[in-house]
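Below are structures written as structure tokens.
Two complexes are shown next, each including chain A; its partner changes from chain B in the first to chain C in the second.
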Partner chain A sequence: MNAAGLTLLALCLPFLGALAAPLLTRILGHRAALVLALVPAVLFLHFAGFAAEIAAGGVVSGGYDWVPSFDVRFSFLIDGLSLTFLLLISGIGALIVLYAGGYLRGHPHQGRFLSFLLMFMGSMLGLVAADGFLMLFVFWELTSITSFLLIGFDHHREAARRAAFQALLVTGGGGLFLLAGLILLWTISGTTQFSLLADLGPQVKASPFYLAALLLVLVGAFTKSAQFPFHFWLPNAMEAPTPVSAYLHSATMVKAGVYLLMRLNPVLGDTAAWQTLLPLFGGLTLVAGALLSVRQTDLKLMLAYTTMSSLGLLVLLTGIGMPHAIEAAVLYLVAHSLFKGALFMVAGIIDHETGTRDVTQLGGLRRAMPLTFGIALVAAFSMGGMAPFVGFIAKEEVYAALSSLDPRSIILAVLAVLSNALMFAVAFAVALSPFIGKSVNTPKKPHEAPALLYLGPGLLALAGLVAALGSTTLHRLVSSPMASAIAGEARMVSLSLMPHLGLPLALSALTAVLGILAYLMLTRLRCALAALLAWLGWGPDRGFDQAVGGLVRLSFSLTRRLQNGRLDTYMTVTFAMIAIVLLVPLFLFGELPRPPIFPADIPLHELAVIAIAVIGLFAVLLAADRLTAIVSLGIQGFSVAVIFLLYGAPDLSFTQFMIETLTVVILALVMTRLRLSPTDHRPFRETLPDAAIALACGLGATLLLLKVTQAPFDGVLTEFFNQYSKTIAHGANVVNVIIVDFRGTDTLGEIAVVMIAGLAILSLVRLGGSQRRIADNDPDAEHDDTAGTVEARR
Partner chain B sequence: MKSLILRTAAPPIVSLMVLFSIFVLLRGHNEPGGGFIGGLIAVAALSIYGIAFGVETVRRAIVFHPLAIAGAGLLLSTLSGFLSAIFHVPFMTGLWITPVVLGVEIPLSTVMSFDIGVYLVVVGAVTSIALSLEEREDS
Partner chain C sequence: MEPVFALLTGLFLTVSVYLMLSKSIIRMLLGVAILGNAVNLLLFTNGRILREVPPVIAAGLDVPAGPTANPLPQALILTAIVISFSFFAFLLVLAWRAYGTLGADNTDRMRVAEPEDGGPPPSGY
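Then we have the complex of A and B:
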């Protein structure tokens, strides 16, 4: 099999793994993780095999037509940008699976968890490998859905359920914006492939719909990548088990938005709007995240807010359009995935071994957990941007991109230095404070974590060191191809650990100094920020609750108004609507039929049947009670059936007879069940509107039928069915052959409807309509005391 | 309904009607009839049975829950459509075999099984509606 076919197979592999995970876990227990980690490990090796080819400027692509009529292809494209993401997702994924094996050891639903995790991995790989717009969108939403499942893994806790719901709503809703944006891009450019779109940048930018497309895509990217003001779901997502936080909410999924912006940079970038909006929102997110992270005392929440801050920095760098900015974004993205993934896992280990994540409750763990301490320190040095770690190189490049003398760069540089200093402080608050100082009593007695737990963070932290030491190889295989793919032109990244005197190094030093100061004053800063936030009171998180609550209330009151539960209202509205639809177009467009010509020689028996039908009509109107009226309705129906028979439609007539019979039986049953008064007591003026609607419906149906029959008759189908009924379908009864053979799929749909109608009516009859059901949906009602509320309502 | 005449007449009438409904179902391909009409006749038969002897008797007589019958019919029809997938022809293509039993050719087809499915859906769904309406609320 060639590389393209193998890659398609590789993209399916995680889903197959997800299928096997529950069974494997049942057999092997937590050791199943060792087997399942092979899936991402194999993928990592597979993708790594492309590195040389892509570094030489090539791409790997393949796929097949999905919906050819819409030019939709299921196709993948692996260039420098995709490759880096694929390697991060599969590489970190392997470590996360191992970590999850240790972290959830003995959990009754560990198999389910690993299954979700692999499903997410498959979705994320598909997202970054996608070349077709729709494929990207499908995988984009799949990551939202799998993220929902993973955040809500502890579904017994309300906080987890709320966080899962919130994340799904924000990222899934953003996905819809993205879809609209992609469709707009499709309309502008006429292509559905990113690989073809890349060359059409000038055309897209010249389009009057450019700004609309840009804004739609940005909403999608900003919700996914937790940019201010959509950031609130990310900290709440920390309700998920720690492997999820480390994998989805720091290393991979939240970077999907950044990935999209990078992917579209050659197409949408380099305009005033792009270079204003991205740095603006990125900068806001950078600062807000850094400030909010200082406020937290929970290890995971501190890290979550710094992740938000880092995502802001990435968006800022992608959009700023300065030399070195793209290179800085690339390096920072890689470095961040490595150190943040490691730190999250360390936070998880601390939580796992001590029973608490509150940084103020922890201390002196260095003796009990020396190895974890070492890993944490290495990762924190990288996060703080210290040599000789990859974080240092990334930060040098960031400052190189920001060190120019225009006002915007100066403002952004100041913001970046301050935020980085705060992140520096938080990094050491997470990685240093819990380990030093006096030992504190924790809920569990701390001891070193098992190998499965420290393997992942250890290797990631080590990777941060190796990447920096082997920066030449890193740049050749990863950074340069990725930067070139983002910029849409060849870019070389050459920064190494060798210090170059200059502004960037000075800014790095300043960051470190400020960071150490912030670390020492962390408690005071935290109190000040807490006071500030308490003073503000309102935030987007609470706004989300208010918006969702408002939506529920609105839909409830709207439903009560529209669906008031009174059958007569529904019938009146339905039939009035039918009358309008039938009559208005006929009069509005002057399509009234010619008056019908009555043939002179109608046979007597036909006249008699018509007379009986008319008598039946009056019998209904003049019936003394309802039951008689229903039975009288049958007179007219049977007369019509006879007319069908006389005019040579035995099947129709046959069916009509049966339907009439059963209608009378069922209506009679309904009548006895409803316990209505036997007669209609309403005064004349109340029945008048009903009569008017009935007359209008009848008139409309008559006019329409006349009009239809006056149109010239096209006998093509009649001829076809008559000719082929016997020869193709082996049936002499054309009507039946049409029903079961020529148009059998229609019939299949119809019997499904009959079945559903049967189900619906059964449940209607069984459950009955009660006040309580409406109250059950009332957001303001007290659900524990439904009966009381209903009483009060009455 | 406690009518002696109805109770006496009902069993033969009902059995004849059910038999007739099956006859109508099977002749449908060449003569007026088919699954839909046949199904309605069977429902009428069951309704008469229900009026004469009560809902419980009907439920016992048809053994399965009416909606289960309808579901089985829908499944049968769907499977009849999908059978064509095995023979690499489009969905719902009619497939025919004519085995010879005792010297008589019997044409069988997926079209027929499809129509039987229609019959069962109509019988099940409409009977379910009729029976549930006929039942008193306390039962």
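Then we have the complex of A and C:
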């Protein structure tokens, strides 16, 4: 099998793993994670095998036609950008699966959790490998759905359900915007593949729909990557178990939006709108995230807000359009995935071993958990941008991109320095302060985590060091190909740990100094921010609750009005609509029939039958007792049968006689058993609107029928049946031939309907103990057994 | 003859709709029974009216000798009669059961599925 075929198989592998996970966990317990981690590990090796080829400027692509008539292909394309993401997703994925094996050890639903995790991994891999628009969209929404499942994993807690629902609504809804944007791009460019779209940048930018497409795509990317003002779902997503937070909500899924922006940079980028909107929203997110992270005391929430801040920085760098910016984004993305994943897992370990995540309740853990402390420090140094870690290289490149003397760069550089200083402080608040100082009593007695837990963060932290020391290899295999793919032209990343004297280094030093100051003043800053937020009062998170509540109330009041449970309302609306549909077009389009010409030579017996039918009808209306009503119903029915007989339809007449007889007999049986009165007791003013609607319906039918019969008759079908019923179907009675032969399947359907009706009637008649059944359905009635199940469901 | 039938169809439909708009289930049932006839007449008239010549091919011939009544609407109506009867019978038994269990023949008092005082939905997540 060639590389393309193997890769398609590789993309399916996590889903197969997801299928096997519950069973494996049942057999092996938490050790199933060791087996399941092989899936991402194999994928990592598979994708790493492409590194040399892609570094030399090649791409790996393949796929097959999915919906050829719509030019939709299920195709993948692996270039430098995709490859970096694939390696991050599979590499960190393997560590996360191991970590989850330790973290949820003994959890009754661990198998389900690992299954969800692998499903997410498959979706995310598909997303970054996708070449076709539709494939990207499908995987995009799949990541939203799997993220929903993972956030809501502890579904017995309302907070988790709310967070899951919120994330799904925001990211899934943003996905719909993305779909609209992709369809617009398809319309503009005529292609459905990113690989072909990349060369059509000028054509797309010249299109009048460019701005609309850009805005739609941006809503999709910003919701997914938690950009201000859509950021609120990300901190709430911390309701998920920590492996999820480390994997989805810092290292991979939230970067999907950034990935999309990077992917579309050659097509949509380098315009005024792009270079205004991205730095604007990215910058807002950067600052807001950094400020909000200082406000938190929960380890995971602190990290979540710094993640938001980092995502803002990535969006800013992608959109700013300065030299070194793309390279900085690449390096920062890689560095962030490594250190933030590690720090989240450290926070999880602390939570797991001490029972609390509140930073004010923690202290002096260094003796009990020395290894975790070391890992935390390494990751925090990288996050703080200190040498000799990869975070340092990333930060140097970021400041290099912002070191320019135009006003925009100066503002952004100031914001970046301040935000980075706050992030520096938060990094050490997470990684340092729980470990130093006096020992504090925690809900659980702290001790070192098992190997499965510290393996993941340890390797990630180590990777941050190795990547920095081997920066030449990193740049050759990862950074340069990725930057080239984003820029749409060859780019070389060459920065190493060797510090170059200059503005970037000075800014780095300033960040560190400000960061240390902020760390020392953290409690004071936190109080100040808390006061500020309390003064603001309202935030998008509360706005979400208000919007959802408003939606529920709106739909409730609408339903109340439209579906009020009164059958007569439904009937009135239905028939009023029928009357409108019948009458309005006739009048509106001037399609009224000509005045009819009544034939003068109707024989007396025909007139008499018609008159009897009319009398029967009115007798039904006015009947004062049951028997009169039944007899009158029979009269109109039999009159119709006679009419059929007189006008050349003996078969109809025969059937109608039988059916009418049956109807009258059954009706008589039922009505004499029940004391039902056929009269209408309602006052005149209530029946008047009914009469008006009924008259309008009747008038509409009459006018329509007159109009139809005044048009010339098209006898094609009639001719056909007359012509062939003897010669083909060998029957003399044309009506019978149509029923049993030409329209035999129709008759079969008719028989089925009669049979189903018969069965339904039978079951209704023989239904025993119906009193109790209805009572069970009554929501007001209190039954012990139903109340019990309702409680259980809650 | 068609104008007469058009008027007759309209009248059937009027009476049937009026009965169905009532709140008493037995009147609604009567309306449903009449509705079947109204629709059949509508189909019948649409195929044009011709007196007394049923669409039967005489022995020894391959096609009808002269103009006959239109067979197509007749075939449709034949199906419709049977189906509307099964429908009517089902409704009748349903009404009978409903009366037996709820003790009501007025739709205002049949509120098991959609109770009058259903409160607002829960506001949580």
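Operating definition for what follows: the second predicted complex is superposed on the first by the 577 of 794 C-alpha atoms of A that agree within 3 Å, B and C clash if a C-alpha of one lies under 4 Å from a C-alpha of the other, contacts with A are read in each partner's own complex, and residues count from 1 in each chain.
The rule is simple: a contact is a pair of C-beta atoms (placed from the backbone, for glycine too) under 8 Å apart; a residue touches a chain by one contact, two chains touch by 3 or more.
Every value quoted in this text rests on a predicted model; they were computed, and no experiment measured them.
Between chain B and chain C, it is C that contacts the larger number of residues in chain A. Looking at the shared chain after the overlay, A:L717 reaches chain C, while chain B stays out of its contact range.
In the superposed model, A:T25 makes contact with neither chain B nor chain C. By the touch criterion defined above, A:L705 reaches chain C but does not reach chain B.
Of the two partner chains placed by superposition, chain B and chain C are both touched by A:T747. In the superposed model, A:S419 makes contact with neither chain B nor chain C.
Once the two complexes are laid over each other on the shared chain, residue contacts for A:S250 go to neither chain B nor chain C. Legend: residue contacts after superposition of the two complexes on their common chain; A:I659 is shown touching both chain B and chain C. Touch criterion met: A:H730 reaches chain B, while chain C stays clear of it.
Counting contacts by the rule stated earlier, residues 650-651, 655, 659, 662, 666, 670, 673, 732-733, 735, 739, 747, 754, 757-758, 761, 765 of chain A appear in both its interface with chain B and its interface with chain C.
Residue ranges on chain B touching chain A, taken from their complex, read 24, 28-37, 40-41, 43-44, 47, 66-67, 70-71, 73-74, 77-78, 81, 91-92, 94, 96, 107, 109, 111, 114-115, 117-118, 121-122, 124-126, 128-130, 132-134, 137. Interface residues of chain A facing chain B in the complex, by the touch rule stated above, are 650-651, 654-655, 658-659, 661-662, 665-666, 669-670, 673, 729-733, 735-737, 739-741, 744-745, 747-748, 751-752, 754-755, 757-759, 761-762, 765-766.
Within the complex, the chain C residues that touch chain A are 1-27, 29-30, 33-34, 37-38, 40-42, 44-59, 61-64, 68-72, 74-75, 77-79, 81-83, 85-90, 92-97, 99-102, 105, 107-108, 110-116, 118, 120-121, 123-125.
Residue ranges on chain A touching chain C, taken from their complex, read 158, 161-162, 165, 549, 552-553, 556, 563-568, 571-572, 575, 596-599, 602, 610, 613-614, 617-618, 620-621, 629, 633, 636-637, 640, 643-644, 646-652, 655-656, 659, 662-663, 666-667, 670-671, 673-674, 676-678, 680, 682, 687, 690-691, 693-695, 697-699, 701-702, 705-706, 708-709, 713, 715, 717-718, 721-723, 725-727, 732-735, 738-739, 743, 746-747, 750, 753-754, 757-758, 760-761, 764-765, 767, 770-771, 773-774, 777-780.
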